[in-house]
Structures are given as structure tokens and as C-alpha cells.
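Shown below is the structure under consideration.
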Amino acid sequence: MSTDYDDTSTDDDVEMTVTSLDAHDPIMQIHDARVTYDMDRGESRVLDDVHLELEREEIIGVVGESGSGKSMLASAMLDSVPDPGQLAGQIRYNPEDRDQIDLLSLSKEELRQVRWEDISMVFQGAMSSFNPVLSVKAHFKETLETHDHNVKEGMERARELLSDLYLQPDRVLNSYPHELSGGMRQRALLALSVVLEPDVLVMDEPTAALDLLMQRSILMLMEELQESYDLTMLFITHDLPLVASLADRMAIMYAFQLVEIGPTRALLDKAAHPYTRALLNSTPNLDAPLDEMQSIEGASPDPVNVPDGCSYHPRCPFAEEKCIESEPEYFLPETDHGVACFNWREAKERMSLNHLQARDDSGEQVRDTDDERGGEN
Amino acid sequence: MKHSETDSQDGLEWTYDASQEVGMTRREKLREYYEEYLYKPGLVAWSDWRTRIGYAIVGLYLLFAVIAQFNLYRPPEASQEMPMLQAFQEGSAILGSNTIGQDILSLMIHATPEMLIMIVSGAVFAIVIAVLVGTFAGFKGGRVDSALMFAADVGMSIPGLPLVLVLTSTLRPTNPAIIGIIITINYWAGLSRAIRAQTLSIRENSYVEASRVMGVSTPRIMFKDIIPNLMPYITVNFVNACRAVIFFSVGLYYLGFLPYTNANWGVVLNNAYTQGAILGGSYVWLMAPIVMIMLLSLGLILIAQGMDRVFNPRVRTRLAGESESVEGDAEEGEVDTFGGAM
Amino acid sequence: MVNYYIKRTGQMVVTLYAVVTIAFGLVRFLPGGPATALRAQLMQDDVPSEVIAQRIELYLSVNPDAPLLDQYISYMSNIFLNGSLGKSVFIQRQTPVTEILAEALPWTLFIVISSIILFHIMAVVIGALMAYWEGSLFDTVNSAIAIVFTSIPFYVLAIVLVWILGYEMSLFPVGNRYGDAIDPGLSVTYILDVIYHGALPIASMVITQYGVRALSFRGNSIQILGEDFVRVARLRGLSDSRIALWYVGRNAILPLYTGFLLSLGWLLGGTVILEEIFNYPGIGLKFIEALEVRDYPVIMGVFIMITVALVVGIYIADLTYGKIDPRIETGDQSEAF
């Protein structure tokens, strides 16, 4: 398999500080976020010094295998790590009209106010996000009441939101959760999560339990929602292609760390981390013939026993001595594209991307795929 | 739900093949069954302190039964001691004696074998009927299900204690095994409903579906696929049925509606209560049967509780499940399918 | 929905019918059972043989000499159409059983219903606190206490209570519904005295029955505390009290609800022993008295009455379960358990 891809961006191994990956106008700054659990077997680190900044009004997709710690990242952003986990680092929120808020130093009451009003969240599995014995309307009402919003206006907004999401507001509001289909419930949950008009919406696998058609339509709705309500969205999923169609930027999570981050196009076409490239090649639907699909060898590591050095080295075909000895910093193939791998250059040369090849075969121009989105940052 | 019995020759061949494929002797099968459904869960349950204490307590009663059965301790007889001895007053009767000079410890020990027979026969009867009715109804569905569940509803509607009282006072059974069965005469009803509900959910599993499609016979599916999966639930309920037998039988003996037997905790309780242990100050006479009943019941509860914790993860606590958030992450989707929409 | 109510009501009637049929079977066929025993009794009393059958019919609503089908029809119609349960043979000669039961039933219901309400309140309060302080000393100690109390048969505790509080310390009365010196009426002293006399029977039920339910409420609560919707509710900023009441409590109590109505029948059955120990004149004591002298009409009367209570309890549980758990209402699996 020859690689006809040549990298034009840089010729030197640029090892800059990670700040060049940061946002110009960050609405949220997550610095060195770490979540640990004390377990009998030792300390379990399920989020390992994650550094991520969210640009105002962007959609960022975080992709990772199950058990890579991506749900923990979502929880950390609302300072709601499940007990008895310990969250350390800095989580800061920059509202447009107020001073910066340091989430981790807030009192319980202050935190209560920030959650859902400023930073909201949609969980995986809308089925279990609603109280089965309360009607959908009650969920909206209690949310508005508890945040001292005007209930009448709030309910108006709820109706609007629901009809924006192509639901019949009255029918949905007067139903109990179990009476709605999975897709309806997910949309109702989406409406509930933005009814207080938050700035940031964190979504943890919001479409995992739905069929493909419903996933697509919900994604479109979310895009519309993002535009009309000026939302910043962080979208967590294991489904790379799903988020690729929606996100401005993407981050790849492996073993509780972000191993690669960059504009969506760059990540798809110029992926630099061997894991990202493997991930892309294991994805069936990127026009690749089925026989070229490869699964990634090995299993993701145990949070108590993350390998030394680069945590991907046991599965990595390019692993060498230094990968075991030291942990790679971010390298920058492009100024807005960072990758935590010593051998990213080699990976790009020696691991071809099936979806690009497939497109090459069909005569498409690879180089043209850089679109404006990538340049935004 | 129509299935296997309407199947043609193919169905028979399938079942034949299946049994060939296993190719094990009955003994091996039994052994495997024992390992898989008794030994292993037993071992797991042992890891919980509750079950361990429970096992120890039940073991103590088995020891009593052995002692009584082989007459390793003298049987109770009138005038074997001075009447109304206090506990530890005489070395020969450490728990004292009653008004007719029977050794109370001997009364306690020699009541154990009959009690255990009663408990086991009653509980086995209740569980076997409940499991057969419940799994059959759940598996078959349709009219069979409706009919069996109607019977269960009727059974559940009959108050246990009064029914048993009517039966025992007219039939006057003396065999402890029969007494046990009479006591649990309608215990199966409520339990079979619960087992049916569990069967319904197991029936949805793909491997049961596969067996059905292949035309495996109903009893085979019931005993191979369904009942083993219900085993934890059945075990816990077996223990609870044992407790029910203790409650009822001692109560019946206490009320005097079972033929008089010299040595039963309920009889001793009644004698002590009516013949002036209270006024005569012989607390041990009254307390001994109470302790015997309570301890056995406690041991059974502990076993049931411990097993429930082992088998039923939902009872596990937040604290025990501290890795839950980590594991929870692993459950969020299929690990190896990165494919999806696009 | 309406269909369901009709169906369920029909089912209840059929169940009642079946249960009474079983009662008939017991009366008629049990070896040495009612009909035979009564015949022997009457023959002993030198009743002329030609009137024996009439007498038996008078007491048992069954004429043993008539064809079986006639016996069955007359027995069933007597109960369902005339509301008659026959007449007492011994304990209150010739008195209609319904009259005997009507006099005794309120007292039994007083004991049973007070017990049920009290131990459910106790179970919910203690279970909720145990779940809230899960793993604490309070939790451990209360779990242990609950298990130990559960292992005591209620009648054993009753005996101990009678012995210690009744005889030894003379703190509570043993026997009767109220003191001899007190005039029945709606006076405070009377009500207090009734409670005073009922205290020990109620206590022995409550103490031995709350434990299982407290543990199960604790388990349910802990399970629900781990549910996503509780987490989401916290993120939505709902107050702790709203979450405790409407999220955890409301959901954790669902499994207890059917038990609430089912325990009615169970406790009614249990009063048979309980009232005997406390010498408390309710239907349970009547049942034992009747059983001792084989007064079958009374025995079967109590039997049928408790059964009816149980059937109606299950019926109400089924019909109302949809009201407290909206998930049940639309499903066709409408049985509550």
C-alpha cells in the first residue's frame, strides 16, 4: 500500500506549547482536568490531565472507544463526577456578560445555578433521563421553577423548542416518558436541556440508542438548534463519522487523554496519530470497500494500569523505545492541529487511510477536501 | 405461542442432534449441573459474611439432627430429671427441666430432625410446583398461561394459615413430610407468578429463541435454558419457603392443631406458656424454643440476603459499586463497532 | 382502559366464585370434614335420623342427602344471593355466622389495619434514612436489627410481650378489647383504652413485619439513587427535598404498594394465632374457638371472609396501581405483581 499523501504543512517537528491549540475566545477552558477513584487495586485515573478549550459557538466532537474516559470529561465539565471520584485541575467558564467563573471553586448553591442555566447536558439514553412517574410537562415546570424563571414564558419557550424539533408540543408535554418513542424522548430531552437558554451544551452520546435514521435527523436538529440559540456544543460519541458531519473541530480520546485534536477536515484527511488513523480505517461507512476495513488490535487500557510512556504503545505499530520511556507532548502538524505522538510523521506515511484511497480510486481530488471549516481557528 | 410440538420430523432430528452433540453421560451432566448451578454460586455466596454466618447456623441444626438421629444425646423422657430445674442447676440438664422432669436441651435437640424433614419437604414441594407452573405458563403463553395463572390467582387468594388450620385439624397428619406439604399447600401460587414473570423475560433471549426455532422440545428448553437461569431466584425463594414452614408449623404446634408430639419447639413453647414457666420463673423453658426458632429463621434469612446480594447486582450498593462509573463508561456502546451513520 | 376495568372486575368475581367453590369442596369432601362431623354430632345428640339432613342444611347450607349438584347450587346461592354463611352449631348456637363475624370483624380490622399502616410508615422512614446514610453506623445497625426482628415469628414476639409486659411488669392488659369498667362510646377514655388493649397485638405485628419492607425500601432507594434521572435531576438543580420525595421516594415506594394491600389478607390470616395469644376477641379468636369444637359454619365463614378480603385487596391493588405508576396504565400487562 503506497502512500501518495505528502504533508505540506511543516517540514520540521514542531513541538510548540499546547496554547497554540487553544481558543481565541474560549467559552470554556478545561486545564489539566484529572478524575481519580481510589480503588482496592490502586488509584484509578479515568481522566488524565485533559487540556481542552471550547471556542464560543463552535461544535466540537470528542470521539473515543468505550471506556476511554469521554463520559468522564462530560461530567467534569459540569463538576458532576460520580461519587467518590475526585476531580482536580481547572474548569473555567467565560460568560459573555459576566466575569469568568471557576467551576471548581463554586459553592454548592452557585454550582446549582450555573448548571443547566449556563452549562447544560444531554445524557445518553433519554429513556432513563426522565422520571418515569412524572409527566414531561412536570419536568419542564420544575426545572423552570427551581431556577426562578417565569414559568409561563418558560413553557412558551418549551413549546416553541418542541415544535422546532418537529414535535407536537401539547401531546408531548402531556405524556409520560414511557409513552414517547425513543426519538421523541430524545428530542424532548434536548428541548429540556436548552429550555433555560444555556450557552454551553454538553452531549454524552445523545443518539446512541437510536436507529440510524433517527440519529441523522436529531443531528440535523441539533445543528439548527445551535444556530438559532447560539449554543456552544461539545458532542461526545464513539461514532466518528456521526460527529464528523456535524463538528467544527474534533478531539480523539484514548486512554483518558486527548491524543489528537484539530479541525474536522484535518482530522479526517490528515490524521496524524496512529490511533486516529486506525480508528478511521476501522470505520466502515467512509466509502471504503469492506475488505479493507481493519479492526484495531488489542484492547483499551485499564484505568488503574495505564501503560508507561505513550499509553497507545502496546497497540501501536510504530512504537519504539522512546514511546515506552516518555510521554509524548503535542506535536503540531498544523498550527490548529495537535497530535500526541512521536512518530506522527511515520504514521502518516506508512498507514494509508482507506477512505482517501477509496476516493482516489473514484477519481476525487483529495487535496480539495480542505474546506473553510478547518481554517476557522 | 405455537412451536415445537407442531413441528415435523425435522424438529425431532434437531433434538436428537442436540443431545448427540452434547455427548455426555447422565452422570457427567449431573456433575456439570452441580458445578454450574450449585457449587459455583455456593462458592460465590460464601464470599458474603451473611451467607457464611447463615451456613454456620444451618450447619449447627444439621449437627443437632445428627445427634438426635443417632441418639448421641438422650431422648426426652418424663422424670429423667427433677421437675422444674433451673438452667445450670444440675450438670446433667444444663438447660433445666420442665414440670414433668424432661430435660429441656434434649427436647430441643430431638425436635430438630422432624423439623428439618418438615421444612425441606414443604419447601421442595412449594418450589417444585411453583417452578413448573411458572416456567410452563411463561414459556407456553396463550391459554395454558391464562389457565395456570388463574389457578395461581385463586391459590393466592386463599389465606394460608386458616386453610392449613382447616386441613390439619381435619386430616390430623402425623408424618412430618406430609405436614410440610400441607403447610405449603398454596405457597406455590404467589411464587409461580413471579417465576412466570422472570421466565417471560428470559424467553426473549436470543438463545431461547434459537432453541425454539430449532424445534427443541419444551421440557428440554425449560430444564436446559430457563430453569438454570432462574436458579439464583429459586434458591433465594427456597430459603424463604423454608422460613414459612418454620413459622407455620411451630404456630400450628403451639395452637395444638397438629397431633401431639413430644418433642417439637411449638409444643414446648405452648407447654411452657400454659404450664406456668412464666409464673414459675423458668425462663429458659420458654426461651429455649424461641431461640431455636429464631436462630434457624435468622440463619435462613442471612443466607437469602447474602445470596440476593451476590445474585442480584441491583442490591449492591453505591459504595460496593464504586468502579461503577468506570464500568458504566464501558457499557455505553459496542466496543468494537466504530461504524455508524454516514 | 374501561375494558380493562371490566375485565379485571369479571376476573375478580370469577376468582371469588372459584374460592367459594373450594370452600364448598372442603365442607363437603374433606374426610371427617364438616358434613360428616356434624352428622355424627347430631346422631350423638339423639336427633331423629329423618331430621338430621334438615339440621345439617340449616347449619351448613348443604343437604348431604341431596344430589351433589343441588347441594352445590344451594350452597353457592346461599352465599352469593342471600349473603348467608350458615348458622353456628356450637359456639353461639343458631346464631347466623354473618352476625357473629359482623360483631368481631371491626376489632380484627382495627388491629390489622393499624398494624399495616404503622409498619409501612416505619419501613419507609427507616428504609429511607438507611439509604440516605448508606454504609453508616445507622445503616448497619438498623439493617442488623431489621434482620433480627424479621426472624422472629410474630406470635413468638407476642408471647414474649405478653409474658414480659403483660404478666411480669403488668404494664399492658392481657385479653379483651377494652376494660370492664369502661362504657363503650365515643369518649376519649374509651378510645384510649381500646388503643391500650390493642397495643401489644399491634406491636408484635409491627415489630416483626417492618424489617423486610424497610430493607426492601432501602434497596429500592439505593437503586434509584443510582438512576440517570436522579443524576439529571441534580444537574437540573432540583432541591434535595424534591428529589428525595418525587424522584427517589415516589419510585422506591412502587414495589411496596402492592405489598401494602396484599398484607391485609396475610395479617388477617395471622390474627388467628395473634388473637389466641392475646385472648383478643376478633374473628381470629372465633376461628380458633370454632376449630376447637369443629363448628364448621363459623370456620368456613371466617375462611370465606378472609378470602374475600384478600381477593378484594388484590383487585384494588391491580386497579389502583396504574394510578401511582403511570407506566402500568397503558400496558396490557396490568397485573401489579
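Chains: A, B and C, in written order; residue numbering restarts at 1 for each.
Rule of thumb we're sticking to: a contact is a pair of C-beta atoms (placed from the backbone, for glycine too) under 8 Å apart; a residue touches a chain by one contact, two chains touch by 3 or more.
Bear in mind that the values here come from a model prediction, so they are computed numbers and not experimental data.
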*Where centres are the averaged C-alpha coordinates, which chain has the largest centre distance to chain B?*
A
_Between B-C and A-C, the pair joined by more C-beta contacts_ = B-C
*If you average the CA atoms of chain A and of chain B, how many Å lie between those two points?*
51
*Cα-centroid distance, chain A relative to chain C, in whole angstrom*: 57
*Compute the distance, rounded to whole Å, between the mean C-alpha positions of chain B and chain C.*
24
_Contacts with 2+ other chains: residues of chain A_ = 82
*Could you say which residues in chain C touch two or more other chains, in rising order?*
none
*Shared-contact residues (touching 2 or more other chains) in chain B*: 318, 324
*Could you pull out which chain C residues touch chain B in their complex?*
11, 14-16, 18-19, 22, 26, 30-33, 37, 134-135, 147-148, 150-153, 155-156, 159-160, 163, 167-168, 215, 219, 222-223, 225-226, 265-266, 268-270, 272-273, 276, 287-288, 291, 294, 299, 302-303, 306-307, 310-311, 314, 335, 337
*Over in the complex, which chain C residues touch chain A? Could you list them?*
227-229, 231-239, 242, 246-247, 250-251, 254, 324-327, 330
_Parts of chain B lying in touch with chain C, wherever the complex brings them together_ = 150, 153-154, 156-163, 165-167, 169-171, 193-194, 246-247, 250-251, 254-255, 257, 269, 273, 278-279, 286, 290, 293-295, 297-298, 300-302, 305, 314-315, 317-319, 321, 324
*Hey, which residues of chain A end up touching chain C in the complex?*
78, 80, 82, 112-113, 115-117, 120-121, 123, 125, 128-135, 142-143, 146-147, 176, 178-179
